[in-house]
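Next up, some structures in structure tokens.
In the two complexes below, subunit A is the common chain; its partner is subunit B in one and subunit C in the other.
Showing the complex of A and B:
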């Protein structure tokens, strides 16, 4: 069944979601800066920014999360569980790249050897409403990494902005549960035609030529390549690309304690920080930007495919857009694939 | 013209082996931007560009390349950072050779993006105009309406102490009377100031792009990274964010050139320069000292003079 949601009904639709669920959706923190956050009022939701600054992974893997608390009890210690994820959740307005990234992170957090309850609880309780990309940016290259602006895998429901309404597709069991939602109406054949048109147009816009295929094998031979000597030069070693990356999932755990009371917290960490790999002895196996930049790229395009069968990049372009010095991952991939980077230079793409 | 001269000079320096490396700017993949480029051969000098999008302070790279003889492309503010670093005796063996370019003030790409609807795919400067194109639009904007606030209030556009100067020295005047961001901040009550500061810092990711983009942030170990003792927690609590941002700003007192590279580096558009510029103003008022102007004057916060202002000691 093909459905749609009229724009004039969106506010009430959102109200319904907020009442029944914990709703996570993109919201502006200031003009032009959006993140996924828990929504309290419908007007907070902003579905217009093609790529939010922070990715949707935050709904499952927050930047900072309390794992448990502890305190003195009598002459012993006592551990107190952190708040559980009680209500069902909705993640609304995540783009196909971010949703693909969630399934990538899921491979790590729900692997054979270990299961991360914090991630899994939230994942199980969440229904994902994806949003198609009518206007992909010139930095988007999802079609190069196995996705696409209307890639539906991972979404339970999928929305497409038709102008006056959202086209609504129910894709999974979790999605079909919304069939009776009173704001969904039957779509016309012309809505379907418009959807097709938008989809084709968007697909043509996205760069599908970034050489990702076969990258794992090429990098196998490159661990000591002089390539790394030059590629890292302009990197200043901040954490922008890793923190804003939808697939980066490294974290660090610390105890925040005052006197006899404290909490264990996990926070996002970045392989580009010198202290990330600093050992207790004082030795740092990745002492310079060369090794750290190499780690970032090797993890995404070599180690991850070896361990989990696909590259840990979804082509969202955030690392390109927000890098303070324009380190362009497409450039790195082009170099690594032994094609000349010249094709990129000076072009606005 | 300036760009051509810049390329020629860089080429000459590399050909005569006066420097091992020239660090400058080059065009790259995004409009309204340039990228830092590292040139080792005379032929490579052709990659250098000069325009209003040369937004990084390249002095930040000097720490990484301190073993090489570096020719550094600098604007007025960047040169001041190098002078401040020299005062701190950072590069005793290989002081960088400064290729100074008289700066025309830089264009704030975020401001330009907000002025148009849709993605900007192409942008060029043409005299006083900025021609900006996207898929369905083409506009020409007045360049001067889209300058960084740190650039609007800048008076030192001619690089001091440059070994090579490209462009004619310009009169030391600013476009505005006071730094617009400092001015705006000072008009607020102390409650409003705190609220503003908290709102801005609440978006912080602790990615430390502001720290890494700054030439003056070169501590071997930043206090936020030190775990023995632990000065600060790693999460995003308002007190930790405030702590980081206050210490970062205060550590710049009497050292900041006001280039604004920290603010440009921030992916979350957090305003930062109102704090550092305010501190610069205080240092100027109290000690008559401006960062990177007098190459011999001792930095006021690293020295003691019995004549120093002491009213704050009650």
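Showing the complex of A and C:
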């Protein structure tokens, strides 16, 4: 059954979601700063921004998260588990790249031996309503990384902006549970035709030529390549590419406490920071930008594929959009593959 | 879902300064809960995250052997915030731990072979666990000859001195201790570990080498092991990294496609050769 949600009903639809769930959706905080946040009022939701500044991973893996609290009990601390996720959640308006990225992080946080309860509890309780990208940006390259502007994998429901209404697809069991939602109406054949047209148009706008396929094998031969000697030179190590990356999931754990009363928190961290790998002895295994940039790129395009069978990049383009020195990951990938091609002919070095 | 980030409560039963520089303190921790004690099964070479509420966590190799029941032993180098707190904490206080973490030494592969243990300075902790494990009557037959070469800068900086004296008396273990500078009471060798290794090394045939020590010692010992014809697959070492979660999530200890905390900390030299030198 093909459904749609008229734009005039959106406000009431959102009200319903806010009543029944913890709703996370894109919101504009100030000019240029758009994030996924817990929504209290329908008018906060902004579904027009193609790529929010901060990715949707924040709904499952907050920038700062309390792992547990402790308080003084006699002469010792007593551990009190952090609050569990109580209500069911909805993540609305996440773009296909961000949704794919959530499944990437999930691979790490699930694991064979240990499960990251903080991430997985939120993930389990969440229904994802994806939103197709009618207007991809020039920095978008999701179709190069195995996705696409209308990639539906990972979404339980999928919305497409048809102008007057959202086209609504129910894709999973969690999604089908919304079949009876009173604001969903049956779609017309012309809605379906419009959807197809928008999809085709969007797909043509996305850069599908970034050489991601086969990059893992190429990088295998490049761990000690002179490629890394120059590629990092303009990087100032600000870490914005990793913080805004929807697949980056490194974190630090610290205690915030006065005497025995406080909390253990985890915060996003970045392999581009010198202190990330600095040891107490003073030894730093990744002493310069060369090793740190190598770590960022190798982890995404070589180490991660080795462990999980796909690159840890979804082509959202945030690292290109927000880099203060215009480091372009697409160029880096292009150079890397060109170097390898030369190497094969025996001309490199 | 079990939360792997929550420490289990332990009690500091006994603490002792180990070395003359007073920078190493050995902690003996007892389990507060019986069920935690029963479910805690480990092999030599594994580690724990020691946790002091309000300060944080620090990864430390387990220095006691699985054959020693009722407590866990750790030797702490006073270096940063948490390890300093671990030096100041009083007997009877509570310390949290998470673990056992990591892979540990490949004791299955050592079965029936000779063992050459090479240690330097305060990196002797998990090596002590390994040797103590094999010296237990139940396990001694699992490996053939055991040779231990242990060096430090000065006699006062050797760990577990009383135990070394005990080991010296045994005839089922060859112990060679060496220091860079001896004193008037020193009866062991004087010289650097790589050179002493050359002098006293057993045949590499059917032998596994396990080596832990400062990077400079490891750097000069590897070539000696090569010269003695130890294949890369039979040399093992334990890496240290600035681990946080200890369970392969936080990304800190990533080297190549491996994580020191869950794929290590014990690696063969054959494995290390294939990885970037991010350690």
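A few notes on this one:
By definition in this document, the second predicted complex is superposed on the first by the 336 of 349 C-alpha atoms of A that agree within 3 Å, B and C clash if a C-alpha of one lies under 4 Å from a C-alpha of the other, contacts with A are read in each partner's own complex, and residues count from 1 in each chain.
Assume contacts are C-beta pairs under 8 Å (C-beta built on N, C-alpha and C of every residue); 3 or more make two chains touch, one makes a residue touch a chain.
Being a predicted model, the structure only gives us computed values, none of them experimental.
Because the two structures share subunit A, they can be overlaid on it, and in that overlay subunit B and subunit C fit beside each other without clashing. Once the two complexes are overlaid on the shared chain, A:70 sits against subunit C while remaining clear of subunit B. By the document's definition of touching, of the two partners only subunit C reaches A:262; subunit B does not. The angle formed at subunit A by the C-alpha centres of subunit B and subunit C is 90 degrees to the nearest 10. By the touch criterion stated above, A:254 is placed in contact with subunit B and with subunit C alike. Legend: residue contacts after superposition of the two complexes on their common chain; A:177 is shown touching neither subunit B nor subunit C. Touch criterion met: A:294 reaches subunit C, while subunit B stays clear of it. In the superposition on chain A, A:33 contacts subunit B only, with no contact to subunit C. Applying the stated contact rule after C-alpha superposition, one finds that A:322 touches subunit B and leaves subunit C untouched. In the superposition on chain A, A:236 makes contact with subunit B only, not with subunit C. With chain A fitted onto itself, subunit B and subunit C come no nearer than 7 Å, counting C-alpha atoms only.
On subunit A, the patch touched by subunit B and the patch touched by subunit C overlap at residues 252, 254.
Residues of subunit B touching subunit A in their complex: 27-31, 33-38, 56, 60-61, 64, 110, 113-114, 118-119, 121-122, 202-203, 205-209, 211-213, 225, 227, 233-236, 264-265, 267-269.
Contact residues of subunit C toward subunit A in the complex are 1-7, 53-57, 79-80, 83, 93-94, 96, 215, 240-242, 244-245, 247-252, 254, 256-257, 262, 276-279.
The part of subunit A that touches subunit B in the complex is made up of residues 29-33, 50, 53-54, 63-64, 135, 137-139, 230, 233-234, 236-240, 243-244, 252, 254, 256, 265, 267, 270, 273-275, 289, 320-322, 324-326, 328, 330-331, 344-349. Taken together, the subunit A residues at the contact with subunit C in this complex read 67-68, 70, 75-77, 79, 81, 108-109, 111, 113-118, 120-121, 223-224, 249-255, 257-262, 264, 266, 269, 271, 276-281, 283, 285-286, 291, 294-295, 298-299, 302-304, 306-307.
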